[in-house]
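Starting off with a structure, shown below.
We just call them A, B, C, D, E and F in the order they show up, numbering each chain from 1.
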């Protein structure tokens, strides 16, 4: 079977459980198991070849640009691990079928499990470190789901998060390490990396890479000081613990250390970091395990300890130690998985995992007892069981290790670790199964059904078989796997029970003896342990997480506290600072242009503008006054435009100005009329400083700009030259607007149209909310003057509106050749309509409005767009204009330009948008009691006249 | 301003301009000098209108003298100002009546309903209802 | 020469008037006074623009003048209505 | 029919004139176009001017305009004098209430506008029933005289024109 | 003549006009138009994308005026990629909005949506600096309306801030454009590139100011620290489908930075070389960190998603700030990824909101929501993507970025920021996900029936969100071909000459009648 | 002239910024409007200034001022008008809905608001 298929099968299979769960739990389990079994068979097919020393490869390009490819290879190490993952996985699937209760969503469980399995297989088969990283992180994610599987348990959620945080952190460090590694070698392919030991170890980046990679390994394999997550992950259902924490996930770190052993090991850095960490972890884990009353916690810490042991072996950096490590990986997987499953059985049957509430189960659960005894003795390192073999070899390897020249430290600590290992292993057996039967078990214990005990039993059998016939059982596997780790000649070693009388034997005996003594002394020691104050990893972690989350929250909410004033201040300062830095980093030549003379008229304008501006700031709290002052500023600006040869701008500015003021007045009607004093003087000083800085910067930039010349000729020379011959108009600004840059104008009218739609939509939503109800019900302001629709105003409007419309038509028609155009005309017409609204009121005027403003906007957009599209029929781009002169007899020569049709669109859009906006806004003022006025004016004495007098 | 003109033309123009300037200035001065809002209202509505009117006539004459072409634009502005000035004044007077004026000092109208600005919406509604019932 | 002097004089008058108006806008005791000052200011601006047209000998500023007149009227009315009724379109 | 096409003939005339002023020169083309607009625009705005006031005596308009123009000139001089040379303390501002004989809104508006543009008076409000006009005088030692003059000089003429 | 280039701008504009003209009050009709337009846009964009693959740069001279005098639209691989991404996102978002009923919560949703698309697509296509401003405004003003769609006090207040902030941005844009025009006398981007390169050596201050101001403008859009303050509240308070669409809005900033600072102020333009990249990089790093810290510190899902968006912009801008072809490839890949993932995340957040009693999105336990499992799965997938965890495109994008910065001076800082940022995000997402989906409250007794959270039955939201997730998966699976295309894209981006040549192939000036221009140096 | 224009632009910018930093929507909007005036003049000034040379080809002046910035400013004026309209309305809507016109989200309900009565 192709390697990619082996890796992909669990992922593809992950879809099955969800589908199969409807066919029942057993069918679901079988479907899941068959997936794993298929993959396992596919793997084993390759075993003979791998045993022969071949390396099976599979390559598929994924992201060649990055060097991330779907490259897999299968060597001895991969075979060993993949076999463990799939083999034990198969047993776990069967076991879980019986372990999980009816309430547990089994489909989900198997899905997560297969995802995890796939990720693990992916790690061990990857021939590309980036690919491996993906699988690596996937194990973190899928284990997050598995650990948190019982989501109603807070421990499950917390344990899952903790595991994810710690292993996730390691995984991210690993990314850094792998990238460096790939960087040094120039390839992310593992086979390439593994051939470049010298290059890697000589690189100055070796140490950072090593540290980052080891961070990944240590966190995954629960090495001190990252060991604390593992026990908390025990909140997971036991099949998960058995799988993840005996055979697979925690072994991923070991796998990676083994995988990279050929290129990373052998340096003092490697030795001191890896071996020391392993040693400490081994001893610490064993010590804590002794004092754990929870079966699974005990097993978890024992796992920590054994992982430490294997890490230490890999850390020694010697080929022999590496072989031992591989061997112990196999052994640990077998006995620890069996023990976890048995612990699960005990929990399942007695409804407790507390050793202090157990004891005497030997009689009630003989089968379980047998399994636990076999596996437990193996864990203790008692002869005839496989754990003994690798422990002896470990002690042997430890005697060869010198720590900073000290030859007894490592062996002594290794023995100490072994001693505690013996103690907790025996405690597990003795305190749970031996002793008198009790009558206060939470549930009546008995052995489970075959399906549940068979998987651990099978492992127990393996424990014994390997223990008795190591060479026969696993000799070839150890050899191939080890040679893959070492990447060269295997050292001398032999897998057998009796190695003769050597140092290791004495250390072993001491460990067993000491362990039994410790067990005997357990009660007082336990009391002392409970009394002793020691750092609780979970408390520390929780406190840290709380602190970090709290700090994150404080920082986030503190920075983004919704204070617009601060955001604006930061914005302004950032712009000023960045702009100034850019300016002072460059050079600015002396002024090239001579300043124009200052005439009296502009000087007056300037004085007025400055005074109005200053007053606006000074009196800004009086809102009406500041609005008036703003109107003055606008007026001066538009006159300034007129003065500075921009009549079109003057017209536009002034007409926009009045609509803006009307808009603001409509709004101000509902807003407070005064702005309260809220800023202290320090704050005002700060704001003033920013304002002055900004003013100086902009003023300075303006001056520099005004006194300099274009460095190259401006493109507008073209516009001046082609306005008449190309665009058919003499008002170059208008020709630019409707022709040269008509597309800008198209966007601009759409902006206006959108503005009106937004205003309309918002008005609707406010008026349809409780606010609208409140607005309608609000009492009439007794301070309002009477006379809503004054007679004089109405009459004046009747005359002025037609005149204004006429002016609008005039301005529109002349726009192409003289100042004016659709935009200004639109505003004038809108102003005329507003006048009507102001005179006779909203209801009366709206009732006489024949075309909805929405429609006018849309028609405007259409007119503009279809004028543009029209040019497609002449095979010209959008908005290509054409113009011509036509004779209409009584009126003389007329110019017609398509640009004028475009301008009609502009006109319509402006009228529609302005009116829709104002109309929407004025609807706020409607009160519930308001009657639509039937008359254009409130006072009309002619209504009292007899009918004939009116007709006369 | 390069056009050549006869002296009398210049004098005529100057008279209009100077008069206009004086009136413009007086109007704005009155705005500051006069004692209460209602009296202040008189100053600009009249003096200023005439001031700007003078300038507009001067401009019309200028273009006629200088270019021989009678411009109507100025006439239009003048017309417009004359049309709007009373409305503006009317509104401002109403505003003054509303905010600053002692209502007792204002003589009552001939009929039984008050000045429009003094009649509340509620009172107007009642009066209108009564009128429509009577009709 | 006469014309030039007259133009300068008149421009000066209206300039002074404008300053007075602005002063009034800022310092007036009541809002109607301010609106009145603003209205006067607009009219004086028109005068200045027309004078400038004479000085420059161009008629190009008339549209601006017409528009300013129209717009000045509307905004004055709007301000006054705001004073009177709060709501300017009802 | 004519009324439907020309709801306000005088307005049409005004618009034609306005168009000439805008275009700033007179030709057949501009006249025709102005006429077209003068007809079309009132049609568009007709809904906003529903009733159609008729002029009884249009010839009087000319006389009325001349009177008013003269009064405006006088008004300005008077007001300028008052501003410049009368001490604030020696002024006699006064309110006067003018009962109206005019009934059409257009006529009342013209009267009010005229009052505002002429000597020392500003029309300030209309009575809620439209039967009186409130006028403020800048300096009127004898308010009744002012009232009579307004009625005599302007309202009488307007009455003749409009009603 | 290939008129298709302008179709992405015209189609939504016309459809919007049709909607407001003919379907103002018929939501069903609006939906039909809106979906048809969006799907049509996707088709057109895809066609243009395929066309752009040839490597030829398409230029559309509006009004038949030659560049630089008129406005041009330019279709190159970059703009084609961006419009396709936008159209694809729009299809998902519009379907979600319809399925969730969001479009009925106020007026003019579909019209504004189409206008918004017009603005975005126009911004990607235009080759004119001022026209870019216009399209920015189109998309912004439509976004204002969409942001406050549905109303409500908090949303309106947040909306006011959003508008005010962006008004500042627009003002700054005009300052920058004024400065640019004052120095160079042109607005066409290709012409600008030519002219900036020819600037006299002693006259650099002004163009430097222009370059930096423009950068700040785009930085506002791209939510670069310290100009990102508009984003969190806006994204958190906006209707979710709109927040999802906004995922592409920040990318406009990034796009504009890539475009402007490769073409006009490229890394080889000495005048500005020392201020663009060197300023952008540290800010991008801080953005990343702030964003990820925000993910951890968030107490509401909306804010969490918003800060995830900020963080992803940080990562993206790190890649952009290098201004190398390799890093730009990474940036583009990450851009596509974070658009899809960020949008999907917002939709998932909305699904949670829609099913909670009070429509709140607090990261706290509540009674179990309907379809908890499926939504949790979506959340898990999008969280993985946003946090940059394997196997989804976020991880690949992150690797590409990290790989691309290897040679940079700040490589260690960047790597640390990216990796630690990912870690913080992972923890934050895990915390949020486990609180919201795992830790469910049992509803108080007796209220079980009527207090049962409403479960919108429609499948459309799931389909729409699923489509985005599928997009992420596709982006992951086809990372090879995608990156190959993007690599060609960045090669084209850095080949300024071909862009300039394509746009400026018409004669530089047609001087029919030489009218002197005041202020132009001769 | 250039000095007058530049200083006016600077002054309006300063006033705009100061108002922008106020805490209520109304002054902030006025501040933005001031900034808009300033930036429109700035953009206009990018074509430099010329007196009495409007780019209308009917007036046969010897030269013309730069028409392009004028067209740009026109577009900018229109756009900023639309923007102002929207923000004014949104500010009003926010005030009516939230009973406060504070621009800062972290400021609580405003009891002084007229709407609250």
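Everything below uses one rule, namely that contacts are C-beta pairs under 8 Å (C-beta built on N, C-alpha and C of every residue); 3 or more make two chains touch, one makes a residue touch a chain.
This one's a predicted model, so the numbers in the text were calculated from it and none came from an experiment.
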item	value
Those chains which touch chain D and also touch chain A	B
Chain whose Cα mean lies nearest the overall Cα mean	E
Of all other chains, the one whose Cα centre sits farthest from chain D	A
Pair of chains joined by the greatest number of C-beta pairs in contact	A-E
Centre-to-centre distance between chain F and chain C (centres being mean Cα positions), rounded to whole Å	22
Computed distance of Cα centres, chain E from chain B, in Å	56
Length of the line joining the C-alpha centres of chain A and chain B, rounded to whole Å	67
Where chain B and chain F are represented by their mean Cα positions, the distance between them in whole Å	31
Touching two or more other chains - residue numbers and ranges from chain E	130, 134, 137, 141, 144-145, 148, 151-152, 156, 161, 164, 168, 175, 178-179, 181-182, 187, 233, 515-517, 519-520
Per-residue multi-chain contacts in chain A, two or more chains	562, 564, 566, 568, 572, 593, 643, 647, 668, 698, 701, 705, 714-716, 719-720, 724, 740-741, 744, 748, 751, 754-755, 758, 762, 765-766, 769, 784-788, 790, 792-793, 796, 799, 803, 807, 819, 938-939
Junction residues of chain B, two or more chains touched	22, 27, 29, 41, 49, 71, 73, 76, 80, 83-84, 86-87, 90-91, 94-98, 116-119, 124
Pairwise chain contacts, counting only pairs that touch as defined	A-B, A-C, A-D, A-E, A-F, B-C, B-D, C-F, E-F
Parts of chain C lying in touch with chain B, wherever the complex brings them together	1-7, 9-14, 16-18, 20-21, 23-24, 29-33, 35-37, 39-40, 43-44, 46-47, 50-51, 53-57, 59, 62, 65-66, 69-70, 73, 76-77, 80-81, 83-84
List of chain D residues in touch with chain A within their complex	11, 14-15, 18-19, 22-23, 27-30, 32-33, 37, 41-42, 44-45, 47-51, 54, 100, 102-106, 108-109, 112-113, 125-131, 163
Interfacial residue positions of chain F with respect to chain A in the complex	1-30, 33-34, 37-38, 40-42, 44-58, 64-68, 70-75, 77-79, 81-86, 88-93, 95-97, 101, 103-106, 112-115
Chain B residues touching chain A - in the complex, by the definition given at the top	80, 83-84, 86-87, 90-91, 94-95, 97-98, 116-125
Sites on chain A touched by chain B in the complex	780, 782, 784-788, 790, 792-793, 796, 799-800, 803, 931, 938-939
